[in-house]
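For reference, the structure I am asking about is given below.
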Amino acid sequence: MSAVTDLWHRVTGFFNQSKPARIGLIVVFVAFLYVLPNREFYEYLNIPGVWIPLYTTGNDMAFVLFTCTWTILLALGLNVVVGYAGLLDLGFFGFFAVGAYTVALMTSPESKLITEYNWFESPYPWLVTVPIAIALALLSGVLLGWPSLRVRGDYLAIVTLGFAEVIRIIAKNQDWILNGDRGIPQVGHPPGTWPDGTPIFQFDAKPYYWLALTMVIVAVFLIRNLVRSRVGRAWVAIREDEDAAELMGVPTFRFKLWAFAIGAAVGGISGSLWAGYNNFVNSATFSVENSILVLAAVLLGGAGNQAGAILGGFLVVYVPEWLRSVGDVFGWPKTVRVFDINLDVSPTSLRYAFFGVLLIVVMIFRPQGLWPNRRRAAEFKDRRQAVVVGEGVG
Amino acid sequence: MHFDDLVNGFPNLTTTGLTQGAIYALIALGYTLVYGVLRLINFAHSEVFMFGTFGAMWTWGWLGFGSTSGRPGLGTAIMLIALGLVVAAVVSGATAVVVELVAYRPLRRRNAPPLAFLITAIGASFVLMELMGAATGRIQFGMPPLLPSNPVINVGGWRITPLQLATFVVALVVMFALDTFVQKTRFGRGIRAVAQDANTAALMGVNKGKVIALVFLLGGLLAGVAAVFHNMKTGNTRFNVGFLIGLKAFAAAVLGGIGNLRGALVGGLLLGLVESYGSALFGSNWTNVIAFVVLVVLLMFRPTGLLGESLGRARA
Amino acid sequence: MRQRFTRVVGGVALFALVAVGAAACKKDDAGPGGTNGAACGLKIGFFGALTGDNAGLVTPIKQGAELAVAQYNDKNKDCTVTLAEFDSQGSADKAPGLATNAVNDAKIVAMIGPAFSGESEAANPIFEQAKLPAITPSATRPSLSTKGWTIFHRGVGNDLAQGPAAARYIKNVLKAEKVFVVDDQSAYGAGLVDEAKKILGTAIVGSDKVTEKQQEFGATVSKVTGSGATALFYGGYTAEAAPFLKQLRSQGWQGKFLGGDGINDANFLSVAGKDSEGVIATCPCAPATAAKGTFVQDFKKKFNADPGVYADVAYDLANIFLEAFQTGKVTRADVQAFLGSYSKTGAASGVTYKWEANGELDPSQVVVWAFEAKGNAWVPAQEIPKS
Amino acid sequence: MLLELDNVTLHYGRIQALHGISLHVDEGEVVALIGANGAGKSTTMRAISGLRPVSGGRIRFAGADITNLRADLRTVRGICQSPEGRGIFPGMTVRENLDMGAYSRRDTAEIAKDLERVLTLFPRLRERIRQPGGTLSGGEQQMLAVGRALMSRPKLLLLDEPSMGLAPMLIQQIFSIITEINEQGTTVLVVEQNAQQALSRAHRAYVMETGHIVKEGPGRALLTDPAVKEAYLGVA
């Protein structure tokens, strides 16, 4: 065993010392992510009969990965707001809705903007609408932030929650342009065709996953640069002590607004990608639960660290989807009869209960999240020692 | 805008709004108590409430009063309601304490940051809701008819049903009792002491763990009371009944000033009335929009709610 | 941090390398099901919300199909069929992946569902691409049949049949002059009410919209009592309709309560209890009488509950597919062709299943019945005339 | 020996605040702990009252090991601290604050007696009995903090910086009261920056520097110690 760990240390040591090797490693990892949705590939993540399959047998793997990726985009956006600027936002899914609806309204031939209001003659291509979707999401971030950033902490949470709820209810009203639960079908897809002439982006989730993955990588680099700039330092200052930051001459309001706007823009990208794939957008998707789930993703992964947000975004989607199939693997019974009542105990239907347990367990053992940033992890370590006697030990 | 609906229905809208507001207030107290002491939004409180609705329903069902049975006599009905209140309060109280022990206490021992609590709260909420969903087949259950529907007061368009009267009276009595408990008793002082300065409270010999458990228990008991009246008012329950009403109650708590007991009462009643009038004016589908717009606008002008924060903490 | 990052990335990369190596010795997928001509091991898909908020509505439908499959398997023990469940939670955003998963399973040659209209919009294009024949037991949005999907079939009448029929019942049978309409803003409920409104016209004295998960209807009740309406038509589902009705009654409103098939289930009666007495539910289905089979008894025996709305339809639809398998139609194309020429009466629902080119039931086969709640059961009142 | 600290160490995160503190307080004594800012005086107090867990060493009180005992249980055993910064409950009235001091006691009659005693000791508090604690002046708050601590009828009274932020006359008064309390039979451990006052009132004293105890002796003796004089009494 020690030989293995020794080898391991030598390998990691090598990578730690050599920058090209590290970059190479990342490239290999990213390449791995790109080939992941190919069935031939992922099915061998498991040795039959020995492990539980790591892929999702209960749902299309490419679709699950795509869902993971747009959730990761949302988590990255929210991480800017919660993780860097320290603003608790419970209504982040609202920006996703803005992005999705913008794309749907402009690209669908059945959009009311065309059929009823005659704003324009024919649908726009998907690609044209994406920048507009991002711009509108950013704008709505500013519009939300302007009044609500005056309140702080938990009050901000309820204000943002309210915002998302208002967007959802407006979307729900079918007499307005968003057409409520009836929704907007035939949303446009991204452009491009395979060599044989069939469109790349249609119903197969794989190309969308690749596209979204690319967006994630772009977003990670852009946000990384931003965080390392003056803006990022201002955010850290605001997060740690807003009053002190204000006294030091940091225009806190402006930087908080910035965080909101940037987070919202990333959320808008996510929404427009999703709308392009899903083909159909209606109000049912934009529930408050989804906002909470994205927040859970960020905090589960580790707020303030992009890698953590990515990990969290992946887990909150992947774990429940993966749990769908676990029952079949182990042959668990689907129902148990207790007192003449059939209790549904299949992992498929209990998957959110398991997920809830996971959230609790992770937070108990790693309150800083699974993959926190270095600075925060240190803070947490200190906090842990600062427990009052008897609460900590006894 | 339907002003005629508002004018014609004004007495009715007022009574239903106040009744609903009383239920909000009872649940809001649970949020506010926990927040006052721990600075924690107990997201699982909505499920604590939901467990109460089932506790009362199962008790009634066990006694032979199901949704399809006939209306019992007044004496029996009052007995049943009293029993339902006790059982629901116990079930909700126990659920709240279990959530505290399983999901929050371990985090406190590790001195985890507030956001970690938020996530375990969400996790606990998922677990409770999904377990109940699985246990009940995710279907809806009806309540037995208990109180007669003919009004006890019927003066000039003001029609007050026995249920509305009972809800309002019981809610006020319970809230008065809670306020007295917190203001006048030794345990109540302990709660306020921990809320104002946990370390000094410990130096005075206050067992913080016990106080926190007590706070969760109290919140749970009140949620149980709310659950029974919600059962009778809406006539049904199901596994996901807690989410929306919990959200509203939380909004009510914030409206009144979270952490402030009297604020929860004011916020709850106000929210109930605003929703009732608002949905007459704009249509029921806009109820939540109205509720949240009022909340946001109010927070713009009074950033800590109507009555300000905290269990008697002086505002900085 | 850098060290840890490297370790994690390294771990995943190593893992990936192992996986690539393993991929080299991958065996082929099993060929498409039924190439040997036998119906053995085939699957019927069921697509709908089996968890989440709407599970209570869809689970009985699934159980209807489950019952049919179980009965078939009892008779054909050596050559069984399975029901593959796709739990969409009723949401359009979960539908595409599950639909893709369904079409990727070559053993699935027939699909019951999707149960709701919204998820149908997202899933059916994928079924269409893979030519997987699907019959929905419950999605009633009229526009679904206008999208050019050849695989789309509807096992029930759509909102265009039911909404006006309900209105005609209110106008001609009840002769109500003051009608209040309420819908829940769902595609189904609003669609129903919109169609009914066209016929009711000036008889409407007021309307309101409620919303899903709403529990408190004080304001709407106040509007209804204030309007002096003698009849109320509700477009929506049991979840909101039952508490709404109870609150109407507790505030002393005595008028006639009517709803669509969304409330025509046993749970409505159980939740509304005594208040349900006299409520009318329309349904684009004929009454299932004892003469037509033992479906109700069988269902009760297996699931210890009354069949919910459309459980009978799902049972019949599953039997249509099973009949196809038994007659050797074991590919998607065969099943699709089988449906095209099908014309028989279902044992449980009493509806004659015969489809038009766009997937709608033959209009002459669509009957709308009014059921009245009496003594805690839905009792067929009458067939509503077509004009 | 009422209280004994044996080689106690304590960490704030990775920073070590106490480097093996050993001290003892005998029954009936007034013991002072003096030292500059950041010497670890208040940290020692927190270790004794249980607000911070120690990382090593033992704490014994009245013969029992209380090293890992919860803070509130130490109060029940008879250690009561009047915390640094006074720790008045701002939203409670003076009366309620005093009642908080007696939180762990059930002997109603005795509590009433003690309340009377405290109000006699601090007549100002009697005047303001219904006022919220947050509205008192600094000196009044300090009196309230001491009075509240007395309400628990402690065997050992821990006073953390009782003179902080007070006018010289009030300091004088506070220390007279400390002496008076001690004469009534309460053991006192007082942390002070005002070394002059503390040393002149204390039976014994310890001098702390950067987490160590550097000197120990009778109060009067330390007052005349040249090193102490130079460092803490501002006398060259």
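A few comments on the model shown:
Chains: A, B, C and D, in written order; residue numbering restarts at 1 for each.
Just so we're on the same page, a contact is a pair of C-beta atoms (placed from the backbone, for glycine too) under 8 Å apart; a residue touches a chain by one contact, two chains touch by 3 or more.
This one's a predicted model, so the numbers in the text were calculated from it and none came from an experiment.
Taken together, chain B and chain C share the touching chains A.
Put simply, the chain farthest from chain C by mean CA position is D. Inter-chain centre distance (chain C to chain D, centres taken as mean C-alpha positions): 74 Å.
For this pair, chain A with chain B, the centres built from the Cα atoms lie 32 Å apart. Rounded to a whole number, the gap between the C-alpha centres of chain A and chain D is 52 angstrom. Contacts with at least two other chains are made by residues 51, 55, 185, 209, 211 of chain C. Shown for chain D are the residues in touch with two or more other chains, namely 50-51, 70-71, 73.
Contacts with at least two other chains are made by residues 169, 172-173, 341-342, 349, 352, 386-388, 391-392 of chain A. Across the complex, chain D is touched by residues 186, 189-190, 192-193, 196-197, 199-208, 310-314 of chain B.
Residues 35, 39, 41, 43, 102-103, 106-113, 115-120, 122-131, 133-135, 137, 199, 202, 208-209, 243, 247, 250-251, 254, 258, 285-286, 288-289, 291-293, 295-296, 299-300, 303-305 of chain B are the ones that touch chain A when the two sit in their complex.
Residues of chain C that touch chain B in their complex: 51-53, 55-56, 59, 185, 208-211, 213-223, 225-226, 238-239, 242-243, 246-247, 249-252, 267, 269-275, 376. If you check the complex, the residues on chain A that touch chain B are 82, 88, 147-148, 150-152, 154-155, 157-159, 161-163, 165-166, 169-170, 172-173, 288-289, 292, 295-296, 299-300, 303, 341-345, 349-350, 352-353, 355-360, 363-364, 367-368, 380, 383-384, 386-388, 391-392.
Across the complex, chain C is touched by residues 11-12, 15-16, 22, 25-26, 28-29, 32, 40-45, 47, 58-60, 62-64, 66-67, 169, 172-174, 180-183, 185, 202-205, 274, 277-282, 284-285, 307, 324, 340-342, 348-349, 351-352, 371, 373-374 of chain A.
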